[in-house]
Amino acid sequence: MIIAEKKQLEEIKAMLQGYRKVLNVGCGGCTSVCLAGGLKEVEDLCTQLTISLEGDRVVFEAEGYTVERQCEPHFLAQLDEIVKPYDALLSLGCGAGTQLLAERYPDKPVFPALNTVFIGVNRDIGWYEERCKSCGDCVLGMTGGICPNALCAKGLLNGPCGGPKDDHCEVNAEVPCAWIRIYERLKAQGRLENILTICPAREWQDQVQGTLILQPYRDRYAKKDK
Amino acid sequence: MFELARGPLVWVAATVFLVGIALRIVELFLLTKKRERIQWPTHGITTDSRAERKLKPILAFRHSLIGKHPVMAIVSGIFHACLFAAPIFAMGHTLLLRQSWGISLWSLSSPVVDILNIIVLLGVLFMLVRRIAVPRVRAVSSVKDLLFLFIVAAPYLTGFLAYHQWFEYRAILILHMLAGELMLMAIPFTRLGHMVIFFFFRGLVGSEHSIVRGSRVWSA
Amino acid sequence: MPKQDSQSVDTEQIQALLKKNKRSMTLLLTACAGCTLCAESCFLFMNKGKAPEYMPSYKVLNSLGKLYRKHGKVSRAELEKMRDLLWKNCMLCERCYCALGIDLPKMIAFARRILRSQGIDGVYPHSLGAPEEESG
Amino acid sequence: MVAAMKSESNLEKVLARGLFAVTGELGPPRGADADAVREKAKHLKGRVDAVNVTDNQTAMVRLASWAASILLLQEGLEPNYQMVCRDRNRIAMQSDILGAAALGVKTMLCLSGDHQAFGDHPKSKKVFDLDSIQLIGMVRKMRDESKFLSGQDITKAPKMFIGAVENPFGRPYEFRVHRLAKKIAAGADFIQTQCIYNMERFREWIRQAVDMGLTEKAYILAGITPMKSLKMALYMKDNVPGLDVPDWVIKRLEGVDKKKQADEGIAIACEQIEECKQLKGVAGIHLMPIEWEHRVPEITERAKLLPRPIFQ
């Protein structure tokens, strides 16, 4: 799941300076699940902005609407009429959702209310941990299901480096060394040969904007005028 | 009949109620035995900004039941309070307790209990009207719900009649005792059991909506 | 193995699944007081004109609740109806609030699991995998 | 030794003749200060076979290591040009290697590099396009196959004597020798180790390396850093990741007067060097006196490492 966290209120206020009527657009997808951009947070942000700006003697009005997922155009369609009276939109979706919202309403300034932080797992209520860098070339099969790109501070593919201290990362003593974990898991599974051979330089797949058209839909998007 | 309702049936009802509640509590403890937290976070903890800290109480209020559904919260709160207070502090009940077990409870004056009683009945009426008239409540209601409302209302209604000695006092009194016993017995096994579940799920089980920080996990 | 496009219902399989979580699920199902205070916590309920079919408790009571009530003896048509409640009317964002603390998302997820065992899931034949867009 | 030489490197010549090699280290200054490099180089000249030129060590911005390497060449010293993976992608790396080789650099050392979080720009963007093992492989390919990593031809191959580092004291211990094997398989010609204090662990590691035949394929230079003081020993024990400072080192330094601690540190280093000379599989030492370049003459003298061989 994509994990996001709310920007600080001060930052959001600074972005909204000069706009009097703002629609907070929530997202029922990932950011809702990670307690950052669901219905409740939309309501919260409306309350926070209204009260806080009232205190600053600014004429301001905020309302909220939460869509199923901001990253799908057909879910955004329901906003077409709703957004009309607003000066600006504040998106509580991830970076992708915010961009699709901005793309759909090019004449409306769209601001992000969240910082999209990583692709991660839900450890417990309100506790998330990064797991994936979406590098587009998954090596988890080789590394025993532990991603060296996301979890090793240096992203080494032939680790561990010389630095682990008490099995923890030299960069952050609270984080276990990913490569020691990889070694131990593979050893326990009898698959150490995976990391005894050299992992060659990677062909990075994430260096240009990614687009993906699934094979079954190839014809659907074929140029009509052919 | 009077002796039966006053004697053995009280014991049966009290036993069923207490044992039933105890079993429910044990069951709930067993079903939430697991604690998923194997480790504690050591880093990455975020903090609120100053402006956010200042607004926190307001948000907390808005998220509370009273902030979200003020009418329902107030009616429900008063209703539930009276539901407990009226029978426990009723003069007649405390007298009975003193007679049989020599326990002396603080009691409210009869007119006050009478008012509490009326509030409970009005509460039941509110719920009844809500159940029938509000479409969304109606959508999740069945005849069963009316039955439970009746089970709750019956002891209070008969109590009210008995206190005012309307109709035939002795018959009403018997009905009052039977109705009370029925309600007691129904609590552990029906939706009236939310009395126990509430404390578990909003307290001991960890969730976004826990009132206090619980760490138990609902293993289902 | 989930069955595909089969018109029959494997009642025994449903019953076996129901039995798995019987104690915990029925406890919560009986505890629901039908107060409908959960409604406003569902953004779909708020978006869809506050239609009762989007209330978390409605979705749970009419899917999992129904399965337990009927001891798993449900028809294909009934299961198909539940599909809408469980997939179309719920995004499983796990944010519903219950005044009593009833774990509604877990119950929805369990109901989805039972339906999947009968080859019914969120893939609607007429769409690209997402629930149909409603106008308005 | 009759093995064909891979490079013109002075270090390779020393090692190939089976002589006990000594390498030194020089940290470039935090300024455009060529004289500072020359000043430090003065102390090393004639005392070591090659000088490691660090590449923005601990992620602190310093004069470029290739530039400092050229300054050393001008002073008549053999630079061991260090390159880390933190700051450059494969394009910049290959370009820098070509540039260094064109200007006469013949020895280089490939490392991952310290994470930028330790340095003066902790929020800079890391690169790590390649890791150290992939970098070693790339340099070997450039030298032996005269091809870039992409497979395209190089007009004139950089003839580098390729070094790598390994830490015998890093966890998991039993994997360390395998990682050494990976580095050697990737193309490392010589290995410099992390500072050694725990000789027991080092002996075990080198025995494993000998058993696996790794010391036949690459030369291993033991890392030696003399303790300047008790304070330094305590700091290194507690704060430097991947270091193993046993208690006996601390005790020996505690046992002498504060003014004599430096002397005692050098004495310990000399004993270690003496042991390394006897150890099977150790081809030399890598002397890393941290900001103590001016004591190198004294240390090499006391450790009986002088004079160093000179080749025409």
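Structure notes:
To keep things simple, chains are lettered A, B, C and D as they appear, and every chain counts its residues starting from 1.
Convention: a contact is a pair of C-beta atoms (placed from the backbone, for glycine too) under 8 Å apart; a residue touches a chain by one contact, two chains touch by 3 or more.
Note that the structure is predicted; figures quoted are calculated from it, not measured.
Set against the C-alpha centre of subunit D, every other chain centre is closer than that of B. A comparison of C-alpha centroids places A closest to the centre of the full protein. Compared on C-beta pairs in contact, A-D and A-B come out with A-D as the pair having more.
Remark: subunit C and subunit D have CA centroids separated by 65 Å (rounded to whole angstrom). The distance from the centre of subunit A to the centre of subunit D, with each centre set as the mean of the Cα atoms, comes to 41 Å. Taking each chain's centre as the mean of its C-alpha atoms, subunit A lies 43 Å from subunit B.
One inter-chain figure worth recording: subunit B and subunit C are separated by 28 Å, centre to centre, where each centre is the mean of the chain's CA atoms. Counting only residues that touch two or more partner chains, subunit D has none.
Across the assembly, subunit A contributes 35, 40 as residues in contact with two or more other chains. Touching two or more other chains at once are residues 207-208 of subunit B. With chains as nodes and touching pairs as edges, the resulting graph is of another kind, matching none of line, ring, star or complete. Across the interface of their complex, subunit A is touched by residues 36-37, 41-43, 46, 49-52, 55, 58-59, 62-63, 206-208 of subunit B.
Here subunit A touches subunit B in the complex through residues 5, 8-10, 13, 35, 40, 43-44, 47-48, 51-52, 123-127, 172, 174-175, going by the rule given at the top.
Looking at the complex, you find that subunit C touches subunit A at residues 41-44, 46-47, 91, 93-95, 130, 133, 136. By the touch rule above, subunit C contacts subunit B in their complex via residues 21, 23-25, 27-28, 30-37, 39-40, 50, 52-53, 55, 57-58, 61, 95, 97-103, 106-107, 110. Listing the residues of subunit B that touch subunit C in their complex gives 24, 27-28, 31, 65, 68-69, 72, 76, 131, 134-141, 145, 189-191, 193-194, 197-198, 200-203, 205, 207-210, 218-220.
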